[in-house]
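The two complexes that follow have subunit A in common; it is paired with subunit B in the first and with subunit C in the second.
Moving on, here comes the complex of A and B:
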């Protein structure tokens, strides 16, 4: 495939969505990126979705559905914010703590999975409940509030969100595309049995995957918490929902991955999702309508992916 | 030998009979068994387990009431629908609960019917029945009654909050209408009250209606409140629902930072929705409860008005349920279950909020202590109603 074709293929969906959203906004007399707040909102949404998409995809590509990632983000942000507030420290300390604690929680999930050898869905549901309960107990159910802490809330700038997104992208490309671990990971994704027979050790590989996914969710928890200065509690799997925002960008990213790296695909998928979110905000679309539109977009895209061959044949005729 | 053994047995039997008779006569001498000697099990239905308000209510029952009364509480999980409520009641029945206090409202008629058929006392806390529901169930033997802010109080609370800011000359507003889009009446009435105050202050109408008619207008619009001019007052931003996604947070930030918004009004959860996004200089009013965080926000100037339920407000309904379990139900003069209303404590400055919170969060000397609640067990309806209606901070702490 030529370079030009690859670039066009990779940018077709995000650029197409951007143009459509801008046209709709303009027709309503609204500028999509008209204010600094819109730009922050767009970049923050992109960073949020990117981190969740990376975290979800790492294990999902290996057939491990991890429902505990949202709860790991919740618990890591609770612990990191409590420590940060106690130390009267700044956002950088909180970010580092969130990433480290998220990584530890991810590793713990992975350790439980490889130890008990139950299906990952069951293990991750159990871990989700455990982490939600831990967060609830640590805060007495009240969550953490720092809505008046300007230092922590002040972290939310375009530059900072871009830096986090770039760091996550570089980490993912470096670890999964340029290390022996990454090659082993790909071998396990392609054919677990064959890979194990060639001497690749599946357990350490899985543990590192959980560790990285947890660390990424730690960063996502940090962004969510410092966005509005409050961490509200979730029980009975309430923390699972953030995971679902990653599905559309993951499918889009998977499609774009044909033309470029899947990591860049996820980034473009996240930006597509952020564009749609920004359009909802700028046009003041009610949440019920948002849900219908989002569901329709995802179903349409899945229908397209499943019938791509037939569509191409039809177009040829 | 046999003779003396027979004599001994006769003597023993006589002694036993005498002791039995003595015991029986003791029981019949007017000293009734103390009902408080036996532990009363009470089930509590909750639709929310994580909000500050729900935690404060639970703490009052578990940390205070349980320590001073011979009662045991069983709390349900977070109940999201009528089926979950029925299942929780079944669980309470299986655990021999004698009474149920409900803070879940997915299907109150079904809850009442179930408790009546199972002969378990049932009471509504922090809410009331609709007039039609009350007429239907007021005569049920096991329906104890309801205490909570009725919908007119919710409306008035919203009205008073908006008026507070309108009286200061503010004319540009933003609103968070919470669960109005899920048709939660409490939030619709609070929002309607706020809009009605704007109509009165701005000499205008909200989409052609004023006053209580706004409730119907919001209902007809699917629980949505729309932006626009209300006479000389401007409603320039509205956020609803609890989506917790990027678009929702983005909308909250957009309304909070809109230069055309001076005051942010929340029907609830204002401290976790607008507070973090609100730039300095803008006003924020909320209807919620008193927590350490809300006091902190008021001290920082982030929150400027708080109408809050106090956790001990569920004390009287507990006393009424316990009284019924002791065989002394509190009924109106017509022999019906009671329906009483109780409102909010309003703080307009940090000092007042702090004072309210200190009392509200105390597990040793709460707003309603055992000594006060004891007066309600077996009380007449009039005394009970008088006690409940005197709910302001100053009246309670007098």
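Moving on, here comes the complex of A and C:
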């Protein structure tokens, strides 16, 4: 495939969605990126979605469905914010703590998975319940408020969100595309049994995957907490909802991945998703309509993806 | 020969782990209740009341899980069906119409999910994620259009005559008879297990996996519809949070009852009932012990993982499961 074709293929969906969203906004007399607040909203949504998409895709691509990523984000942000508030430290300390604690929680999930050898979906259900319960107990069910340390709320700038997104992208590309761990990961994704029979050590590979996913969710938990100024508690799987925002960008990213690296695909998928979110906000669209439109978009896109061959044949005839 | 017999015995004990777990939990509960001087009959009635809706919905969902599929939208489907059923009752004043509408709505939603998956070759799980989003939005639209404030209500007096544990047990018993018969004694169950265990082999022997999937989703829809009806009877004020945790409770119950999430030959129709009862029993024990909600959930998670680990000890492979 020529370079031009690859660039065009990679940018077709995000650029197309951007143009459609801008046209819809303009027809309603609203400028999509007209105010600084819109730009922050867009970049923050992009960063949030990107981190969750990376975290979900690492394990999902290996056939490991992880319900516990949302609870890992919740618990890591609770622990890191409690330490930060106690030390009266700044947002950078909290970010580092969130990432480290998220990584540890991810590693713990992975450790339980490789030890009990149960299907990952079951382990993740148990771990999600456990982490939610722990976060609830640590805060006495009251959550955490940043009212006593307003410096933490000052983190939300375009530059900071861009830096976190760039760091996540570089980490993902470096680790998964340029290390022996990444090559082994890809071998395990495409043929688990054959890869294991050729001597690839599956357990350490899975543990590192969980560690990275947890660290990414730690960063996402930090962004969410510092943006809201508080952390509210969830029990009975209330923490799994952030996971759902990653599906559409993941599918879009998978499609774009045909023309470029899948990581860049996820980035472009996250930007597409953020553009749609910003349009909802700028046009003040009710949340029920947002949910319906997003679900229909996802189903339509998947119908296209799963029936691409048939559609092409139909068009030929 | 002796070794083989020993292995068979061990496998039997491991298979019975969920039932043994339930008996142990019941024993622990009775001991704690006696020590703390708690009314046992009232407590058991409470346990049945709380677990019956999950038991009904999860038993229907077994038909989906046996195929190796997975539906995360069951709770949202139940909420929509209950709201539409309540609206039908408010228009007609008939409980029979309410039941029919709950069932019809739930089966229709299930059929849409299964048809989307089979006609357009979509992964079932992804279809149900999209359905979850659509149904949650539909709940908000329905409540806004027909509710009083943030809720849709059925007068409590209208359902008082059937708001008792015996009626709920009757509904559960009838549904269990239907499910046990079709799952254990008819070819539907055998074919479902075959397709779930080895889809390629089942296809080569002439089985229509898509047709089985549609029937499986329909059975799940009946469970959801009955669950919606029982929800209205038990708590006639419906909001967007109604049945919020049912989707996940169903998965937990099925797994806790000893059924593999991958479906197939080891699927058991009674798993859901055993699992739902065990989870509610566990919650009641925590409640009686006056544990903090967070700690109670952590203990539940640990016991859940422990019991499932034990019940699946004989199905471990060399490579990590996916």
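Everything that follows uses one rule, which is that the second predicted complex is superposed on the first by the 314 of 317 C-alpha atoms of A that agree within 3 Å, B and C clash if a C-alpha of one lies under 4 Å from a C-alpha of the other, contacts with A are read in each partner's own complex, and residues count from 1 in each chain.
The rule is short, and it goes like this: contacts are C-beta pairs under 8 Å (C-beta built on N, C-alpha and C of every residue); 3 or more make two chains touch, one makes a residue touch a chain.
Please read all numbers here as calculations on a predicted model, not as lab measurements.
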{"item": "Combined model on subunit A where subunit B meets subunit C, clash or fit", "value": "clash"}
{"item": "Partner chain in contact with A:49 - subunit B first, subunit C second, else both or neither", "value": "first"}
{"item": "Touching partner for A:295 - first (subunit B), second (subunit C), both, neither", "value": "second"}
{"item": "Touched partner set for A:287, first subunit B, second subunit C, both or neither", "value": "both"}
{"item": "Which superposed partner A:112 touches (first subunit B, second subunit C, both, neither)", "value": "second"}
{"item": "If touched residues of subunit A are counted for subunit B and for subunit C, the larger one", "value": "C"}
{"item": "Touching partner for A:148 - first (subunit B), second (subunit C), both, neither", "value": "first"}
{"item": "First, second, both or neither for A:235, with subunit B first and subunit C second", "value": "both"}
{"item": "Partner chain in contact with A:23 - subunit B first, subunit C second, else both or neither", "value": "neither"}
{"item": "Contacts of A:136 with subunit B and subunit C, given as first, second, both or neither", "value": "both"}
{"item": "Touched partner set for A:274, first subunit B, second subunit C, both or neither", "value": "first"}
{"item": "Stretch of subunit C penetrating subunit B in the combined three-chain arrangement, among 40-48, 166-174 or 310-318", "value": "40-48"}
{"item": "Subunit A residues contacted in one complex by subunit B, in the other by subunit C", "value": "136, 141, 235-236, 286-288, 290"}
{"item": "Touching residues on subunit A, where the partner in the complex is subunit B", "value": "37-38, 40-41, 44-45, 48-49, 136, 140-143, 145, 147-148, 153, 227-230, 232-236, 238, 241, 245, 274, 277-278, 280-281, 284, 286-288, 290"}
{"item": "List of subunit A residues in touch with subunit C within their complex", "value": "62-64, 112-114, 116-123, 125-130, 132-138, 141, 192-193, 196, 202-203, 206, 235-237, 240, 244, 247, 286-292, 294-296, 298-299, 302-303, 306-307"}
{"item": "Subunit C residues touching subunit A - in the complex, by the definition given at the top", "value": "70, 116, 120-122, 126-127, 129-134, 136-138, 140-141, 144, 244-245, 248, 251-252, 255, 260-262, 292-302, 304-305, 308-309, 312, 316-322"}
{"item": "Subunit A partner contacts - residues on subunit B that touch it in the complex", "value": "49-50, 52, 55, 77-78, 181, 222, 224, 227, 240-241, 243-254, 257, 271-273, 275-277, 291-293, 296-297, 300, 302"}
